[in-house]
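Down below is the structure, laid out as C-alpha cells.
Each chain gets a letter, A, B, C and D, in the order it is written, and its residues are counted from 1.
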C-alpha cells in the first residue's frame, strides 16, 4: 500500500510534520469560541484527520530508507534547528498519532464540555499541545530545541493533570509530578551541555559517532538515564508516576502512560545510538534496573485498590520489561552476539508498540468504568459486566493482553525476550542472562494476579455499593476507541510476524550491524508457527463452544442463585473484594509491598461493628523522600535566622565581606 | 509428512483424547487399595463425565458470559498444550523454537479464565479458591522455567521435543544431581498445578480449605463435565512432561515406545495415588513455603548446569 | 539628544508635581514614559555620536540596559494608571514625581562613561526610591525604607571611596587624573596594582550592595516586601540592572588592567553564594513578595556568575538581564494584583488565585515557570547558555552548584506558588473591591508575551546588539 | 600649612575614639559636629585661598557643624533618649577594636604607593581609620541615632580621602561630598523624624518586625 503512496509526489515527512502542527493547533479555536462544545468537536475532527494523514506517512517513512531534513529558522544562538524523521522516530510516531486521535475521540464522550464548561477548553488545548509536542520531539535534532519541546510536553502534561485542581490529592499529585519532571529536566541540561562539550555543537550526534570510553561519555549516559528515566518511570525515578496517572482525566492518563512514558524510552534509545562501543556495564545497569522495575512495579500493582493506580503501577512494570529488553540488546552489542541484539531490540520495540495499545485501552476502559460507577475504588465496584457488556469485553481483551498471555499481543513481545534469554545458553558468554527468564515468568504470574483481580472485582459478581448498582453502557464515541485498540491487540496477537516486520526498520537504524542478517526471516517463521497455534487455539475454543451449545439446546437450562455452601443469607458484601483477592499474594511478597493496615480493636465478649482498612504505601516517596524534604525544611528554617532584622548585624555582613575580599585580594 | 509420522500423530491425538480420565481412575483405585477398599472401577471417571454430559445445566443468576467462557478456555488450552508436548519418545505434532514458553503460558490463560468464571458467581468461597489458585500458581511458575532452562541447557535445544527426547539415560551420567533436584521440584509443581494432596484435596467436603474444587462449585452438567475432563487432561499433559523427565526410557521401536509411555503414565498415576494416601493435606500457610522450596530446588539444578 | 533623554523625565517630574488631580497624574506619567521609550528607540536606531569630552557615550552595553529599563518603566507607568485607581486613599503626587526623577537618573547611568557621574546618578536613583518604598506610610514601610536607605547609602559611600582610590591611582601613576572609563582603560597598564585592587574590592562591595548580591542583600526582602508592586518591579527589573551595568564598567576596567581573574573569581563566588542563600530562603516562604525578593537575589547571583565565567556566558548574562527584568515585571505586577485582591501577602490566606483572578493568577504561574528557567520562556535561553558554557569550560563545580541551587529554588518556589494559584479560595479570605481591569492586567500580559517571544525567537537587531555588547566584555 | 592639616587629622582620630567611647548621644553628636567643623577647615589649610574654597568651607561647616547636629538633636529630644543603653558590644571592647583598626589602617596605607608630597602625612590612614570607626559604630550600636552618627563618621572618612584629590578633580570630589551630605542630612533626617514619630523611640532593635520567622 505504501508503494502507491510513495508514488504520490507529496513528501511523507512534510505530511507528518504538518499533521503534528495541526494537532497542536486543534485546541486553539475552542479557546475563543463562545458556544461550548463546538471547539471540542472541531479539535477532535482535526486531530483524527491529522492522525489519519500522519499514520500512513510515518509508516512510509518507516519503510523508506531515505531521511529528509527540514531546517526551522529561529533566532536563537544554538545552531540550526533541524527536523529529521528516521525509522526510529517514525516507529515512535505511530503510537503518538494513534493514541492521541483515539483519546480525543474518547474525550468527547468522557469529558463533554456541556458538563465541564470551565475545564474543557483548557483540557482540549493542552491535550493537543501535549500530543503535538511529543510528535515534534521525535523529529527534533537540535538539543536545545529538543529540550524546549520536551519541557512543553512536560508542562502541558502538568496542566492536563491538574484539570480538577480543586481536589487536594490532584494538587499533590501535580506538585510531585512537576518537581520530578523538572529535576529530570535539570539532568537533561547536564546531558545536552556535555554533548555539546563533546561534539562542539548543540546538534544531536549522528549514530555511532561518539566513543563511550571517555569519562564524559559516562556522565552523558548517567545524565540520560536520570533525565529520561525519570520521565519513563524507571525505578527509583518512578515516584511521580502512580499518583499522576491516577489523578489525571482518564484519556490523559492513557496518553501519558501509553505515549509520554515512551518519550523517555525514546531518549534512552536515541542516546545509545550515539555510541559505537557501549561498555558491558551500561547494558548490565539497564538490564538490572529493568527487571527490578518490572518486578517491583507489578508487585505494587497487585496491592493497589485504586483502579487507575493499579494500571499506573503496571505501566511501571511494562517500562521495566522494555528496559530489560533494551539492556539485554546492549549487552549483546558489547559482547557482539547478534541474536541477543536482535531479540532484545525486537522484544523491547514490539512491547513498546503493544503497551501503547493495551494500556490506553485499559485506561479508556477505566474512564468508562469511573463514568459508570462514579468511583475509582475497586472494592466498591462489581457486576458491571451486566450493565456494560461491550466495555467488559474490550477490557477483558486488554487485561489478557497485558498479562502477556497468548493468543494476544502481549505474549508476542515477551516471547521474543524469552527466546533471547534462552539463546544465551548455547552462546558461552553471558549465559547467566537466562536467569532473567524465571524472573520474567514471576512478573507474568503476578500480572495475572493483578489483572484477574482488576477484572473480576470490577466487572464480575454482584455490585458491592449502590453507586455501582446501575451502570450504563458507555457512549459510542467512548466505545469506538476501545474497539479499535482491542481489535489491534488481537490482530498483533494472532499475526505477530507482521508486527515484527513493522519493528525491523527501527532495529536496523538502531544497530546497522543487523541490516544484512537472516534473523528477520528466521524469527518471522517462528512467529508464523506461533500465530498458527493461536489460530488453532481460537478454532478449538469455537468448536468446543459450538458443541457445548448444541448440547445445551438438548438439555434443560435453569437459573438459580449462586450456591452459598449452606449460607443462605449471603449478601454482596461477603464476596471476595479486590483487597481480599490479593491479600495472600501481598502477604507472600510483604518484603516488597508495604501496607498501612488499620486493624479493628476487638474488645469485650461481643465486640461491636468495626472495619479493617489496609492501603498500600508509596514506599520510596512516603518513607524516604518526604522525610528528606521535611528535614531540609527544618534545616533551612534554622538557617533563615540570618535574616533577623537587626540592622547592626547587617552592617557587620557588609564589613565582613569587605574585609574578606580585601584579604583575598592581597 | 511421512506415513509413520502421520500414524504417530493420530495415536498422539487419540491418547490425548481418551486416556486422561483413566489416570484419575487409577489414582482412585490406588487410594482405595491403600484404604483397604475395593473402590470404584478404573473407568469410573469416564462414566461420571458421560453422565454429567447428559444432565441439564443450572446457571447462577449473578453470572455473565464470562462464567461460560471459563470451562471452554480451560479445555482449549489444555488440548493445545497436549499437542505441544511429546509423548514418550514420540515427537509432538506441533513443535517450534520456543514452544516451551507457549506451553507454560497456555496454562496461565486457562487459569485466568477459570478464576474469572469462579469470581463471576459472586460466591465468597469461589473467591477464596481463585485467590489461592492465583498466588500459588504464580509461585509455581518460576520452577517450571528453571526446569525448562536446565533441560534446554542439557539438550542444547529450544523446543520441548528436543529438550525431552535428548534427556535420555545418557544425561543422567553427567548431570544426575541436577536432574534429581529437578525431578523433586517438578513433582511438587505437578501436584500443586493439578491440585492434588498435599496442596488440595479434590474430594474433601470442607470448602474453606479447597483450591480448585471450590472454584468450580457452581458449574453443573456439561460445563462440569468439560471442567473435569480439562483437569484430567492437564494432569495428563504435565504428567507427560514429568515422566519424560523422570523415566526417559526409549526402546527405539515405535509401537513399543507407545506402550512404554502408557505404562509410565500409569506408573505416575499410581505414585500420585500412593502419595495422596500416605500424606495429609498441608495447612494453607505452609503451601507457599513448599512451593518456594520447589523453586529453590529447581534453581539449584539450573545453577549446577550453567555454571 | 543625550540631554533630551535626561531632561524629558525631569520635565515630566515637574509637570506631575504641578498637576493638582490624582486622577490625571498617572496619565501624565504614562505619557512621559511613552515619550522616553520613543526617544530610546530612536537613539537605538540612530545612535548619537560620543559627546565632546567623552562624558556621554551610548555603547552597546548601555543600550541593552537602557532598553530594559525603559521597557519595564513603561510597563509600570501604564500599570500605575490602573493600579493607583485602587489607591485613591492617598495622594500619588510624590510617587509619580519621584518615579520620573528616578527614570531620568537611570537614563543618565546608562549613557555616561564618566564613572563619577555614573556614581552620582546611581546615588540619585537610590534616594529617589526611598519615598516610593515609603508609599504605604506605616510602621513596616518606614522600617523597610530606613533599612534600604542606610544600607544602600553605606554601599554607595563605599563605591565612592573605591572611585577615589581609582582616581588616586591615576594621580600616583602621574597620568592625567580622570574618571573617564576610556581614559582609565587607556592608562590601565600604568596604574599601581595595590590601589587598583583596593578600588575593585570597594567598588564590588559598593555596587554589589546596590545590586543585592548576598550577603549584601539584606535590604531587599524588606524593601520589596513593603513597596507597592510596581515599585518592586522597578527595583528588581530596573535598578538592579543599573548596578549591574556599573559592575560591568568596572569589569571592563579590570580587563584592561589584567587583574581580571581575581575579579571574576570574586563574582563567581558571590554569585553562587547568592543563589544558595536564595534557595535556602525561598523554601517554604510564607510571604510571596519576600519570595520574589529572594528570587531577585538569585538572579543577580546568576548574572554575577555569568559575568565571572566569561566566554559564551557573557551573552547569557546580558540576555538574562533583559529576560529577568521582563519576567520580574510580570511577577511583581501580577502579585501586586493578587495582593490588592486578597489584601494579604501571606500564602496562608492567598489560595485559588486562578479562580478569583484568572488573568493575574495565570500570569503569576506563567511567570513562575519562566523565572525558574522552563522552556519556552526567555530566561531558559540565558540560564541554559550559562550552564552549558560553565560545563563546556570545564568548570564542573560551578555548573553543579548552579544547577542544584536552581533545582532547589524551583522546588521551593513551586511549593509556595502552586498552592497560591491552584484550588479554591479559603472561605475566611477577605474579599475586596479589586476587580481585574485591562489597566492592571494588560502590562504584565504584554511583558509575558515579550518573555515568551524572546524564548522562541530573538529578533536579529536585538541579537546583533547583544553580540556587540558581549564583544565589549571579551577577555583578551 | 599642610603639616598643620596633619595635626588636625590627629584630632579627627581622637574624636573617633571619643564617639566610640561615649554613651551619651548628645555628646557624640557634638563630637561628630566638631569633626565636621575640622574637616570644613582642612581644605582651607591645604589649598591656597580662593573664593571657591571659602564657599566650600562655609557650606561644609554649616551643614556638618550646624544643620545635622540640630536635626539629630531635635530627634533625640523628641524621642527623649539620653544614652545608648546596652550597646551590641561594650565600650571598652569597642575602643580596643577601634585602636586595632586604626593600627591596621596605618599598616594598610603603608603598603600602598603614594605621591611623594603625601608620603609623610597621615591623610590616607586617617581616612581609612575614620571609615572603619564609622563601621564600628554602625555595627555595635543599636539606636537609629547612633547609626546615623556612624554613617556620618564614615562619610567624614571618605571626605578626608577626597582632600587628596581636591586639586586633581575638584568637581568630582565636591559632587560626591555634597551628595553624601544630602543623604546624610535631609533624607536621613526626614526618616529619623518619621521613625521617632512612628515608634516614639529611636532604638532600631525595635525596628525588627521585618524578618524571617
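By definition in this document, contacts are C-beta pairs under 8 Å (C-beta built on N, C-alpha and C of every residue); 3 or more make two chains touch, one makes a residue touch a chain.
As the structure is a computational prediction, the values presented were derived from the model and not from experiment.
Note on connectivity: the fewest chain-to-chain touch steps from chain B to chain C number 2. No other two chains have as many C-beta pairs in contact as A-B. Among the chains, the centre nearest to the mean of all shown protein C-alpha atoms is found for A.
Averaged Cα coordinates give chain A a centre that lies 70 Å from the centre of chain D. Centroid to centroid, with C-alpha atoms defining each point, chain A and chain B lie 36 Å apart. Centroids of chain C and chain D (each the mean of its C-alpha atoms) stand 31 Å apart. Centre-to-centre separation of chain A and chain C, using mean CA positions: 44 Å.
Contact of a single residue of chain B with at least two other chains is seen at no position.
Chain contacts: chain C has residues 147, 150, 154, 194, 198, 221-222, 281 touching two or more partner chains. Counting only residues that touch two or more partner chains, chain D has 111, 138, 147, 204, 207, 209-210, 212. Every pair of chains in contact is given here: A-B, A-C, A-D, C-D. Those residues of chain C whose C-beta lies close enough to touch chain D in the complex are 116, 119-120, 123-124, 127, 130, 134, 139-140, 142-147, 149-150, 153-154, 157, 160-161, 163-164, 167-168, 170-172, 177-179, 192, 194-195, 198, 221-222, 225-226, 281, 286, 290.
Residues of chain A that touch chain B in their complex: 382-383, 385-386, 389, 392, 396, 400, 403-406, 411, 415, 418-419, 422-423, 425-426, 431-432, 434-435, 437-439, 441-442, 444-446, 448-449, 451-453, 455-457, 459-462, 526, 529-530, 532-533, 536-537, 540-541, 544-545, 548, 551-552, 555-565, 570, 572, 574-576, 580-585, 588. The touching residues of chain A, when paired with chain D in their complex, are 640-649, 651-652, 655, 666. Only residues 88, 111, 135, 138-142, 147, 150, 204-205, 207-212 of chain D touch chain A when the two sit together in their complex.
Residue ranges of chain C in contact with chain A, taken from their complex: 147, 150-151, 154-155, 158, 194, 197-198, 200-202, 204-205, 208-209, 215-216, 218-219, 221-222, 262, 266, 277, 280-281, 283-284, 315, 352, 354, 369, 372, 374-376, 380-381, 384-385, 387-388, 390-392, 399, 403, 406-407, 410-411, 414-415, 418-419, 422-424, 455-460, 463.
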